[in-house]
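What follows is a pair of complexes built around chain A, which joins chain B in one and chain C in the other.
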Partner chain A sequence: MAKYQSGIAGIWLEEDKILEAARKCQSLGFKKFDTITPYPVHGMEEAMEIKRSNIPYVTFVAGLMGCLSGLLLTWWTSAVSWPINVGGKPMFSLPAFIPVIFELTILFAALLSVAALFYLCGLPKINPPLIDPDLTSHKFALFIPKGEVGYDENKITELFKQLGAAEVKKVAEY
Partner chain B sequence: MIKRNPLVLGNKTLKDVSDDICAPVESMPSGGWLAMFLSAKALFIYYIISIGILISTGIGLLGVNNPIGWGTMIVTFVFWIGIGHAGTLISAILFLFRQKWRTSVARTAEAMTVFAVMTAGLFPLLHTGRPWFDYWLLPYPNQRGPLWTNFRSPLLWDVFAVSTYATVSMVFWYIGLIPDFATLRDRAQNKTRKLIYGILSMGWRGSSRDWSHYEMLYLLLAGLSTPLVLSVHTIVSFDFAVSNLPGWHTTIFPPYFVAGAIFSGFGMVITLMTLVRMGFPQFKDYITIDHMEVMNKIIMTTGLLVGYAYASEMFIAWYSGNPYERYAFLNRALGPYAWSYWIMVSCNVLSPQIFWFKAARRSIPVMFVVSIFVNIGMWFERFVITVTSLHRDFLPSNWGMYGWSWMDTSILVGSFGMFFTLFLLYLRLFPAVSIAEVKPVLHVGKDVKGGHHG
Partner chain C sequence: MANNHSDHHQIQLQASPFLPSSGVKTASVAAAALGGLALIVGIFKFQNQVWPAFLLAFFYFSCLAIGGLFFSAIHFVTKAGWSSSVRRIGESFTAFIPFMLVGGLILVFGLKTLYPWADAERMASDALLNVKKAYLNYPFFLIRLFGFGLLMWFFRHQIVGRSLTQDKTGDDQLTHSAVPWSIAFLFAFSLGFSLFSVDLLMALLPHWYSTIWGVYCFSGLIQATFAAMILFAFALVNSGAVKGYINIEHIHDLAKYLKGFTVFWAYIAFSQFMLIWYANIPEETEFFLLRSQNGWLGISMALLIFRFIIPFLILLPRGVKRSEGTLKLVCWGVLVMQFLDLYWLIYPNFNDNSVQFGVIEVLVFAGVAGVFMLSVFKFLEKNSPVAIKDPRMHEALNHHVNY
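Now for the complex of A and B:
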């Protein structure tokens, strides 16, 4: 995949400092920067002005699809394709079909939501380049790609140092 | 103001958390683990051989007969599926209720769910007697009409409920594991480990934009799993309640089964957690006595709920005025299977009462013993429901006794071999406490500056 870009990354050791750095970059008008954290940092979405995820819409539509396919499956098999009289119940005995319809609703909603996450996050990534192996453990990074508006290596290095970065490094690929 | 106890003991840094939780995965197994694994594995092999004999000879090797067509397999199926419910309760329902203490036990409880459902799922498939025709359970186009499955049958609802539950809980568990697999991948010192955890982590890098989607999905899956878990045991109870057999045909069954499932599941969580704390002492800082105490409170509460259900069943049997219903319940308490009824009552209703005392709630030996009693009691509950209802129904000419055989024992005991083999492997291959979920709650109950509020 050719989606990886070069750029510059600052590494912080404290959660509050990366939050501040993210806020600062956002206020400076940077658009394409990203933060990399070992766990979801509370307040980061506000700091980076990340929009609310769209996955719930996928879940809703998928749930509806599951519900309808359950209804179609039970109705068509029991009342159309091969109707069999079971205990004198109506061919289309909806109350008895609800458990199956419900389970299919949940199944579709859950699996397609997961598929949506994989799509939105670009997973699976095969052997993606990493800035620092400790970023999934105890360090926090802010990465500004070369294509960013007003990208200036020296200025950004200066900015990161001011914001208390423990390390600033050039990244060939991220 | 009431001060919160810290959720994680010791002044851990973020790195300490990663180191502690990854340690079992990155070190050689201890003698204790090896001994437990080999015994579990031996039992598992015995189980596989027993199942082989059972399939090749036939279901008649079990004690099932006429009138008792449902025996050990169904009893043990309900037992294991019930155990799974506590895992989903911890991972999904407590997540929705924002119970932060759940973070350190959720991973292992969910693993328990997945393995318990796998263990349980085998039983109905084998109990069909001809497991090579099990694909008939699915509605697929065929050349016999096409003849479809009967969607009005609770047994078919169960096929959909259990398979959906198995799928969704595995997916939920795996989604939770992805960031932790990434941690293991980035820590890996050798190539094989890097490759394996690299594949398992799917290339997760922890970008904040990804975390935002991830947290949303986690919330959605929790929201979907909550009604799912309640529906599963409800539908399992329909297997019984939708028939018209005295002792089965009651409307109390769905809530009664769900309460019992959570009760038995927490019993198993306590059993496993005491063992995990013993085997991996560094986990004592994450799975603290406070965690155990909270779970013991849930055991006591659900134990009381189950006790209420037993009493209510008795009362309604009398109040209904139906002679068959009355007889079924009198027979449970006083008939030839009275011993199993009273084992059930004493294990499930009496033994958790010790948790009224704080010292007992916080004592590892006491809770271990009670959790074993709860496991035994809940197996007997399903035995009482299944066997005592079937063995004496309407016509005395149709009465009988269950013919318990050595095969019943093998199947019951062997299933523990399967469960523990999977569970012990899990402890050494997967991070047993969620690394990414514990880190944000490190500060709870402590004064630490940070970006968190609340």
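Now for the complex of A and C:
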């Protein structure tokens, strides 16, 4: 179960304003804030200075594991456990096994990437808390949790208003 | 920032004619002259060496020229925005297309040395060859060879011509009217290039056939085209001819293409190999037998390692696709491997299947390379190196590759 935090959220109606707000919060030294947007906003990663995800490394290692498993599987079944002579070819005929090895590489890489994504994002979230239902259609939110460095409700409310927030609201859980 | 309109007004945009350094230009002229000389001497003195060498060079640069047109057509058809700043690089390669016809004319003199079907004696004594007479004969071969060249020239005129006219008039309509021509080109290309590769390369071993041949040759064509485009993109930016239009985001996407089609090459090469290896029918295995003995096995393995495994692993990390030094190295490697691949396709049929490589191969290749470079340089001097009036240019300027 994901842990929820309380804090304060600003809601904007324009994409460029939420980007500016994110940039400002980043430059003020906030570390734990998050933005919620209805679609991926270009430039948000840079604005929030989000580090690149580690999922590609998971994919690579999982792919290698799949590759090795395929090699072991084909070798063990065809050359060790139940050798069958097919067309006079060697028991361990790599070209014939490449498709199996390839498929297992892809299968492992794909499934474990999705698993890693679920793990890192804390999915699935059952009945997640809602800051504003319109965040899935046309509103943008920036949320600062109580545990944030230098958290001060009044200052943040003031900051959000300066940044052009349409609404600033206290959030009990996000 | 992608969506901040105030930002990109600060980017200085410039697209001035590309003037290669005098050293590169002199080298190209010298290479073309030397190659021409080697070709003439070879035609009179070393027929058996010069024709395979010329075939290799002719096919290599024809591939790049058509590959450039293919890039342009694909991006017109898909109405791509990001590529409008690099599209002109592909279009500049098509400057070699007229020379395909010249090369075809030269090649006509070598048909008898190159192709068993062109030798009347062999044709008469070989029953299996004789049944392919309806396809493999002089008039039909010449119609296909020059028909393909003329067709490519025609489509170049329609597609690249529109792009160049737009530079002057700024007429958006040209982008839209290029779409049907590009669709027509893609059909003509897929059929025409398949026949082109079957006629020029597969017919060297006329008893043998592979139905995936055209796709195999295409996979090499497209991988080499992306490598050459990336190298030219860096050259345009570094020479200062293009400022602001091409940035690391475009290079990154071209590098993604390069990686994708590196895998595609391996996929097609393996598809061809595995079915032949598995079925093990003598008339099909001939091709790979020729490439597994007398020293050819090493070259076959080198292709697997240096055309697929190494570039694939190097291009995996994101950082490499955005780093000039490593990316250039991979591109040069891919271009060398395209040479090795064509060498591997052509040469096992000659010199009694022994691996032979000498001065004449180098000189003839350098000659055609010189002509290719000079034609591309001339194109880039005469025309803007960027399609500056493209109606989708704003998309390219704001291009932003997410993680």
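Just so we're on the same page, the second predicted complex is superposed on the first by the 172 of 174 C-alpha atoms of A that agree within 3 Å, B and C clash if a C-alpha of one lies under 4 Å from a C-alpha of the other, contacts with A are read in each partner's own complex, and residues count from 1 in each chain.
Everything that follows uses one rule, which is that a residue touches a chain if its C-beta (ideal position, glycine included) is under 8 Å from a C-beta of that chain, and two chains touch if they have at least 3 such contacts.
None of these values were measured; they are calculated from a predicted model.
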| item | value |
| --- | --- |
| Chain B versus chain C as contact partner of A:19, first or second or both or neither | both |
| Which superposed partner A:136 touches (first chain B, second chain C, both, neither) | first |
| Touched partner set for A:46, first chain B, second chain C, both or neither | second |
| Touching partner for A:96 - first (chain B), second (chain C), both, neither | both |
| Dominant toucher of chain A (residue count), chain B or chain C | B |
| Chain B versus chain C as contact partner of A:36, first or second or both or neither | first |
| Touching partner for A:159 - first (chain B), second (chain C), both, neither | neither |
| First (chain B), second (chain C), both or neither touched by A:11 | neither |
| Contacts on chain A seen with chain B and repeated with chain C across the two complexes | 15-16, 19, 40-43, 45, 52-53, 56, 87, 89, 96, 99 |
| Touch list for chain B against partner chain A, complex | 13-15, 17-18, 139, 145-152, 154, 156-157, 160-161, 164, 167-168, 171-172, 175, 179, 182-183, 185-187, 198, 202-217, 220-221, 224-225, 227-228, 231, 235, 238, 435-437, 439-440, 449-453 |
| List of chain C residues in touch with chain A within their complex | 1-4, 270, 273-274, 277-278, 280, 316, 318, 400, 402-403 |
| Footprint of chain B on chain A - complex, ascending | 14-16, 19, 22, 34-45, 48, 50, 52-53, 55-56, 59, 73-74, 77-78, 81-82, 84, 86-87, 89, 93, 96-97, 99-100, 102-104, 106-107, 109-111, 113-114, 116-118, 120-121, 123-128, 130, 133-138 |
| Chain C-facing residues of chain A, complex | 15-16, 19, 40-43, 45-47, 52-53, 56, 60, 87, 89, 95-96, 98-99 |
